[in-house]
Amino acid sequence: MTHIRSRREALRLLFLISPSLFWLIVFFFVPLLLVFAISFGERGTYGGVRWVLNLENYRRFFDPLYLRIFGRTLYIAAATTIICLLVGYPLAYFIATRPPRWRNAFLLLLMIPFWTNFLVRTYAWLLILRDKGLINTFWTGSLHMGLLQLSRLLPLPIWEPLLRATANPLTLFGTDGAIIIGLVYGWLPDMVLPCYAAIERFDFSLVEAAQDLYANRRQSFLRVILPMTMSGVVAGSVLVFIPSLGAYVTPDLLGGAKSIMIGNVIYSQFMAARDYPFGSAVSFVLMAVMLAGTLIYFRTGRE
Amino acid sequence: MRSNKRQAGKVQKRRRGRWLNRLLSLHGVLGYIFLYAPIVILVIFSFNASRFVSDWRGFTLQWYTRLFGNQAIGAALRNSLIVAGASTLISTVFGTMVALAMERYRFRGKMAFDALLYLPIIIPDISMAVMLLLFFVLAHWNLGLITIIISHVAFNISFVAVVVRARLAYFDISLEEAAQDLYANEWQTFRRVTLPLIMPGILGGALLAFTLSIDDFVITFFTAGPGSTTLPLRIYSMVKLGVTPEINALSSMMLLASMGLVFLSLMLQKGGKGGMDIV
Amino acid sequence: MSTYAIQLKDASKHFGSVIAVDRVSLSIHDGEFFSLLGPSGCGKTTTLRLIAGFELPTQGDIYICGELQGETPPYRRPVNTVFQNYALFPHMTIFQNVAFGLEMQKVARAEIRQRVSEVLEMVRLPGMGGRKPSQLSGGQQQRVALARALVNRPRVLLLDEPLGALDLKLRKAMQLELKELQRRVGITFVYVTHDQEEALTMSDRIAVMQHGRVLQVGTPEQIYEQPASRFVADFIGETNFLEGQVKGRRGSEVAVVVDGVLTLHVPAERAVGMEDEVTVAIRPEKISLHAEPPDAQAVPGVVEEVIYTGTDTRYLIRLTGQTIVTVRQQNVAVGSSACFAPGTRLYLRWQPESARLLMA
């Protein structure tokens, strides 16, 4: 790396960074400050913003209504992260322990959903989970009919509750569970890839060394493999948790009107209620939480 | 006797190992089924003759023919390509330049600039969307393709910079010294040595920018105006109106396109490897 | 003033608070094979980079062929470099690599083709032009790096540990080849190495460096036979150091008493005072062993250990309570290795001029 010594080098540096610097300041940093400023303002009578300085918007965020939504958002993001980890780590381990030629094929298969439009991927789950979706078509259709026929062949009391259960569709759409499934589906590759990178780098002769030193499989996993691939676990968790926290599309499409997250609150403040100051405040809290999380990640990552 | 017992124990342990391996393979297979089942279902039902998506009534291509006749979708596709093309071009040039600056120079305020560069990656879509909307509204800019492109460049610069910096980080600086030692000036060194060697990184960054731009829904949704509907916006409004096999057909086409992009990126990586052998 | 290929006048290079090169002055003759020798971190590579122009001196001046360089960028200096890791352009063929410098100098195409094939011939890689660097072995890559520099016919060739990545046998072969090549093309070579044997084998003159400073400049023989300091004596070859005090003077010799019991007579090239703490350095192969005292100068000792190493036998011999010296005897006759068994009392003898008096 070069320290800037001559005028020539200073000019070159300026040439290289000024377009991006300009763009990021005007179209990122200024808007960021704007949101921050507006979050202390007040909603005007016809939408718009009245520039006063108060903390009312932040106080309002602590209303039980919004706190509950924020709590649900945290819960959904945490559940998504944990499920992604439980599914993703073994999957990454599976890929990393295949022969190299197969490994690339498996990675390629992982990349295809990863590069597919998020909206399309969420829509696919809508097809499966909604009331007239694939699962419920089977549940109230083929399964119900089948049970009906069975009950005619063998009239036993056990059919009664089963028939009653399959008469109506399952409530899948519009639940927290549906959102979690959608988010897990959306972000699973983000968990698998860093875990894979860590496991692939891992030197498996260390396991042999551990087993040579009388560690059994469980011990060598917990004491050797897991600690040495922790960087991948942490990176993957951050990559899943942070976007899950700010999710908008998934709760909007799969959560219906009943299950909403903080992203939907921001959306409705801007697009429906036209309360820019409150929307800005909520958005700022979300950003702050996420930045804090990222900072903690970098702190722990350095150790 | 005892050694026999120990032998038996070992065999049992080995069996358990094999059993664990099978469980891992089973998990792998199930994992991939989880990843692909929804996509496969989506594609299958795009050929469904019934208007109702989950009710199979035989094979048809009518949704695809209808799709190609749909002018609104054509216009959305055109908008998407304009936005993705323009924002990719701008952000790739700017992002590469800033990556070179960040990897090669030390200067005052670098830490702060580094943070500013990473922020658009970390900040959630919805927050960034809101920020930009407020900015454009208060600046009295008409929302449209231009505002979408500006917004996409604002997040894509950072992604391109990260990818190119990763490539530059393990660039052997003595190659540039060798070029200068062989009478190449700074510009010739960049053109003949640095640029060709980091090209896979730049193309990778461009591909990522293109994908992010063409896939983006939230930020586009907030910064779009009348007449600047992109493909994801179109799909979203169609889904909101109701699930139809036409959306399935459109989604399947997009799936095909993203598979093409994956193979493209794979080829770039292969091309990059040839150049990295020595490093 | 005679023409020097390279001159450094009080050149220093600081990296922050680290002084990599400390007031180095060197004059390298035209057509000379000059080595910069020292342990890693001694500043030899930085010195080379100062000459090449990759670094600019914090203080001092650098002249190439009599011209002051100042802030001249590398691409305007009449020197070429062979890099430690070769730095071959991985995206270019061998031909393109070698032609690069000529192309940058706007040499005509036909001439480029001719000069490249000539130089590839010279480094014994004819017909390899179409390959990529990654398809060559380490030794072949090394030759391409050499060809890529030599094709420009530089006034001075700078080589930064060019053989460091090769295995021992190949390195020995390349050492001779390089030396032969240098004689043939008559270009000044400035050669950086940490391998003292390599420097001794190839160089016309050597500069030994430590902590950014040049400790001694001289021919290989001067450096080996008359080391100016304890570091030089220790770094190059093997040396016995006997520490003692000056107790007397007899003509050009001084008497040094080691451990209070053993008196050695050593020629004094420098002024030493009575009672000064000094070190006497003697190379192990300069000492001969005798069963009976050959003359009054001989020193008695007891064999502690005998180590057979093929060409030589090494004896560790205790002179006094604390002092043990190493003696090396060539195994001239078959079966002579066990000449002196451990525990044998014997006498050591050396030519007075073989012992060097160094300041402690």
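Quick notes
First chain written, first letter: the chains are A, B and C, and each begins at residue 1.
Everything below uses one rule, namely that a contact is a pair of C-beta atoms (placed from the backbone, for glycine too) under 8 Å apart; a residue touches a chain by one contact, two chains touch by 3 or more.
The structure presented is a predicted model; accordingly, all values stated were derived computationally and were not measured.
Common neighbours of chain B and chain C under the contact rule above are absent.
A centroid comparison over C-alpha atoms places C as the chain most distant from chain B. Across every pairing of chains, the maximum count of C-beta contacts belongs to A-B. Of all chains shown, B has the CA centroid lying nearest to the centroid of every protein CA atom. For the pair chain B and chain C, the distance between C-alpha centroids works out to 55 Å. Remark: chain A and chain B have CA centroids separated by 16 Å (rounded to whole angstrom). Centre-to-centre separation of chain A and chain C, using mean CA positions: 61 Å. Residues of chain B found to touch two or more other chains are absent. Those residues of chain B whose C-beta lies close enough to touch chain C in the complex are 172, 174-175, 177-185, 188, 192-193, 196-197, 274-279. Against chain B, in their complex, chain A makes its touches with residues 1-4, 9, 13, 15-17, 19-21, 23-25, 27-32, 34-35, 38, 87, 90-91, 93-95, 97, 106, 108-113, 115-121, 123-128, 130, 132-134, 137, 185, 188, 217, 242-243, 245-246, 248-249, 253, 263, 266-267, 270, 276, 279-280, 283-284, 286-287, 290-291, 294. The touching residues of chain C, when paired with chain B in their complex, are 52-54, 73-76, 79-81, 83-85, 87-91, 100-101, 104-105, 132-134, 148-149, 152. Partner chain A is touched in their complex by these residues of chain B: 16-17, 20, 24-25, 27-28, 31-32, 34-36, 38-39, 41-42, 45, 52-55, 93-95, 97-98, 100-107, 113, 116-117, 119-120, 122-128, 130-135, 138, 150-151, 153-154, 157-158, 161, 211, 214-215, 217-218, 222, 232, 235-236, 239, 243, 247-248, 251, 254-255, 258-259, 261-262, 265-266.
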